[in-house]
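First comes the structure, then the notes that go with it.
To keep things simple, chains are lettered A, B, C and D as they appear, and every chain counts its residues starting from 1.
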Amino acid sequence: MTSAYLIRADFPLFAARPELVYLDSTATSQKPRVVIEALEHYYREINANVHRGAYDLSVQATLAYEEARRKMARFLGADEREIIFVRNTTEALNLLVYAWGLRVLKAGDEILLTEMEHHANLVPWHLVAVHTGAKIKAIPVRGDGRLDLDSLDRLLTDRVRVVSLTHMSNVLGTVNPVAQIAKAAKEKGALVIVDGAQSAPHMPVDVTGLGADFFALSGHKMCGPTGAGVLWGRYEMLEKMQPFLGGGEMINEVYLERSSYAKPPQRFEAGTPAIAEAVALGVAAEYLMGIGMQNIWQHDRSLVDYALARLDEELPEVKTFGPRGPDRGGVIAFTLGGLHAHDVATALDQHGIAVRAGHHCAQPLHRKLGLAATARASFYLYTTRDEVDRFIEALKKVREFFKDWL
Amino acid sequence: MTSAYLIRADFPLFAARPELVYLDSTATSQKPRVVIEALEHYYREINANVHRGAYDLSVQATLAYEEARRKMARFLGADEREIIFVRNTTEALNLLVYAWGLRVLKAGDEILLTEMEHHANLVPWHLVAVHTGAKIKAIPVRGDGRLDLDSLDRLLTDRVRVVSLTHMSNVLGTVNPVAQIAKAAKEKGALVIVDGAQSAPHMPVDVTGLGADFFALSGHKMCGPTGAGVLWGRYEMLEKMQPFLGGGEMINEVYLERSSYAKPPQRFEAGTPAIAEAVALGVAAEYLMGIGMQNIWQHDRSLVDYALARLDEELPEVKTFGPRGPDRGGVIAFTLGGLHAHDVATALDQHGIAVRAGHHCAQPLHRKLGLAATARASFYLYTTRDEVDRFIEALKKVREFFKDWL
Amino acid sequence: MSLLEELYRETILSHYKSPKNFGPLADASVSIKGDNPSCGDQLELLLKLNGGRITEVRFQGHGCAISIASASMMTELVKNKTLDQALELTRQFKAMVVDGAEPAPELGDLKALAGVSKLHARTKCATLAWNTLEEAAKEAGTS
Amino acid sequence: MSLLEELYRETILSHYKSPKNFGPLADASVSIKGDNPSCGDQLELLLKLNGGRITEVRFQGHGCAISIASASMMTELVKNKTLDQALELTRQFKAMVVDGAEPAPELGDLKALAGVSKLHARTKCATLAWNTLEEAAKEAGTS
């Protein structure tokens, strides 16, 4: 990969804040200049509403928007008709719960999740469970931070109608063997939904190869603007699905008391979309493809291996979570002695190191770890080895500062 | 108001396209420099995820986001805890349908709409009707483009649980007497929802004065970016309502099989919001308040009166729709002889005039008018009298061009 | 010649005002509805088939000059052609109005619509009848 | 002195490690739970009241040094005060940690938390116990 030291120059925020060591890309990534400029360019030169225009400007806006759809299709190895623009992963998963789960699931059906899910892949299913009587089960997480696949045979009963799981944990960094699980699930006739919020930004994703039915991502975590994400779905599935939000653009004919619906993807994009944001997300995907998703993955991998080795060696008071090995992305949740994660994060912030503290929207996983909160450092294509060093040196100072209280 | 000729200078798109006469602000508005710069500034200097941060950058992002909420509260005369950020009016109305309509309405209940509703305020209710057995009724539109209020007594039965109507029609320009209708509806114990997509950008709105329970707007129509809108709701109502989307940030406690919810407005903002867009929408609202909503309304009013007078006088082949008088905003839907609206719009576009053609997401209203489509010209704070003149001169050329076929 | 003059010629406007083969068709073998939801234009295409050949074709509905003229000229062109020939003409027509290819001589009068390729906003109008024809051919193939 | 040193002093860390009045309280007149959903901190406040006076107060739960120390010192301060006095102290405490006001002398040791006003991310931690106290006072007033 082009050196992270050079890549940094593409990100204006680092120039504006030269002292900052930003280790919270798992929450949201920084944005390269090309993405910010794409927004600017859109608003300065081609802003108009899409689809409905009979004039040139609106045609240009529509072309830009549909071009972004093609770029996202290329990014995911999908067909452009399978790309639905949503706000974020959360909306994508809710769309599935409302348009499919609430309509199809029945009492006695089972929903199989994992213990490492983000709230975005838990809370919407609770709604389904309450309203339909379907039951939620979860694949356990083992002590090493990997899923307990031995339990799969037992859990994957004939009653399981859907398996919805994260591709990569935002706490443990674990990359789950989605293709293997999808295959087993498909054999049971279950639908497979992948929460790609953390995988799409950090590794090559080929949705057809995964064998899943749906894949959700958030643009803001992959160098795109806030407000735009993607739900990918197999076209046969999308065609069968009822709409989620009702309104303009997703219809065919509307009467006062009834309406008929357009084909996918329009069926699932009601109202004026986040046009500029989708366009800029397309630019972000192109930017990442230019650098190479495999290169980004290798970079994340090498930083996390380096950081974990140094932590193990030099900071025995630090406890980290998640697996070691090639199935581990650039996320490190950790604790320092008996200190609370918030106090550690505040102390690191005083040294210019931005890490997150809390349950990272994964309360059930934290409960399993026996903790209310962890601190979390995460890496991305612009993170340098130098920054990892600064993080570790700062952590040593924090340990020193609190030494009587660990 | 500061002259529209001066205001134009705030909008970069007009400098980039000096020949363009943009008459489609009803679909989406152009964006002033301050709004584009707010996005840029956000991404270049303060981008981080909100709410969850233990570090300074995230605190700054959160402060900017919450400041935007306060600005929108000021814009609407509301309390900041009553401002929910959504994508657009469409999402706001769907939120109400899912979180309230589908849960509360029963067979036999009635939903009262109007014949001039946008699809965003029709299609979601169809879902409720199908699933609950509630019945949809509509206040008729009279020949002059106003609502037939005489029918209100008859329509507003004890079975009406909700009255949902547009504040201003995006086709007729009619401003509906919402306060009066809300009062009558409240007397019957019905909930009142106002689609403010067209009113919020163009006139002063004081939600408490309106007497409604909910009010929806789209940021992109009021000088803000795409991807951010607002649902305002009375706090007592919001407090009683179940959530819509489930995910991070809207929860209190999450277990594998159940969850409890945060207070409003967080309860209704699941996942990473459109942060930069919300921040920029706050800047847009401030920009509009700086110019003065009453001034903008007067400006729209004077342009529409001028345009209608010239059309009546000089283009008898043009038929316009909607009321004449102080309850008419800056929107003119029209036909030219027997020509199809698309052909008229294409011809106008060749003269640099951007108008929309179609049913403008109001098929039932067009059916009532006996037309499949109309052309529509609409005005905003940056529209000059000179542009109205150019529109009318171009329309004359179009008439001349098609004269044998009118 | 302006784009407007290039497009809205006598040919097109007269087909618009007096479309050919317009109206119902009793005993149609296939009838298919097409629409452009973004503008509300709607069209129904009715075909009588005999051994893979279009022996009768009519259409009804409403739309702009471009969509109606395109439908009207299309019905004149495909009548008495085989479905395969009609699909080949569809390909040629789309090449002209979508990709801006030189009008194939087989398209005859339809070359009057070549200007649409410069008006992206209107390609959907010009292709509505043809897309519907493709749907009809699919339906005929499966039934 | 760095902000870190200003904040994490002996006072605070020792309250964190050995909180006062921590644990259950049998026969509490009011018990109220408070939480910071954004970080998962949770706290339960238990009060025994007698004629508007707080005769016993304890808390339990988990949180960071700032939230636990704040709760611990708060319980020491409000014990044997009337609810009205406790609410006035709450006002003074919030003025200090939210608005950065000079610590009121009545706050005693709690002035050790004054630095929080410079750490916006942590004001919620410092005020958690106090917000819960306000809720408890509301509950006591209505019951």
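The rule we apply is simple: a residue touches a chain if its C-beta (ideal position, glycine included) is under 8 Å from a C-beta of that chain, and two chains touch if they have at least 3 such contacts.
Bear in mind the structure is a predicted one, so any value in this text is a computation, not a measurement.
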Query = If you take the chains that touch subunit A and keep only those that also touch subunit B, what is left?
reply = C, D
Message = So, comparing C-alpha centroids, which chain is the farthest one from subunit A?
response = C
Task = Give, as an integer number of Å, the spacing between the C-alpha centres of subunit C and subunit B.
result = 37
Note = So, in whole Å, the Cα centroid of subunit A is separated from that of subunit C by 45
Query = CA centre of subunit C versus CA centre of subunit D: separation in Å?
reply = 76
Inquiry  = Among all residues of subunit A, which ones touch two or more of the remaining chains?
reply    = 52-56, 58, 249, 251, 253, 341-342, 346, 349, 357-358, 363
Key: subunit C, residues touching no fewer than two other chains   = 38-39, 121-122
Remark   = As the complex stands, subunit D meets subunit B at residues 35, 37-39, 120-122
Query = Which of the residues in subunit D come into contact with subunit A in the complex?
reply = 2-5, 7-8, 13, 16-17, 38-42, 62-66, 119, 121-122, 125
Key: subunit A-facing residues of subunit B, complex   = 12-13, 16-17, 20, 22, 24, 27-28, 30-31, 35-36, 39-40, 43-45, 47-49, 52-58, 87-91, 93-94, 97-98, 113, 115, 118-120, 122-127, 129, 136, 138, 218, 220, 225-228, 244-251, 253-259, 270-277, 341-342, 345-346, 348-349, 353-358, 360-361, 363-364, 367, 375
Message = With touch defined as at the start, can you tell me which subunit B residues reach subunit D in the complex?
response = 51-56, 58-59, 63, 249, 251-253, 262, 266
Task = Write out the stretch or stretches of subunit A touching subunit D in their complex.
result = 339-343, 346-347, 349-350, 357-359, 363, 366, 372-373, 401-402, 404-405
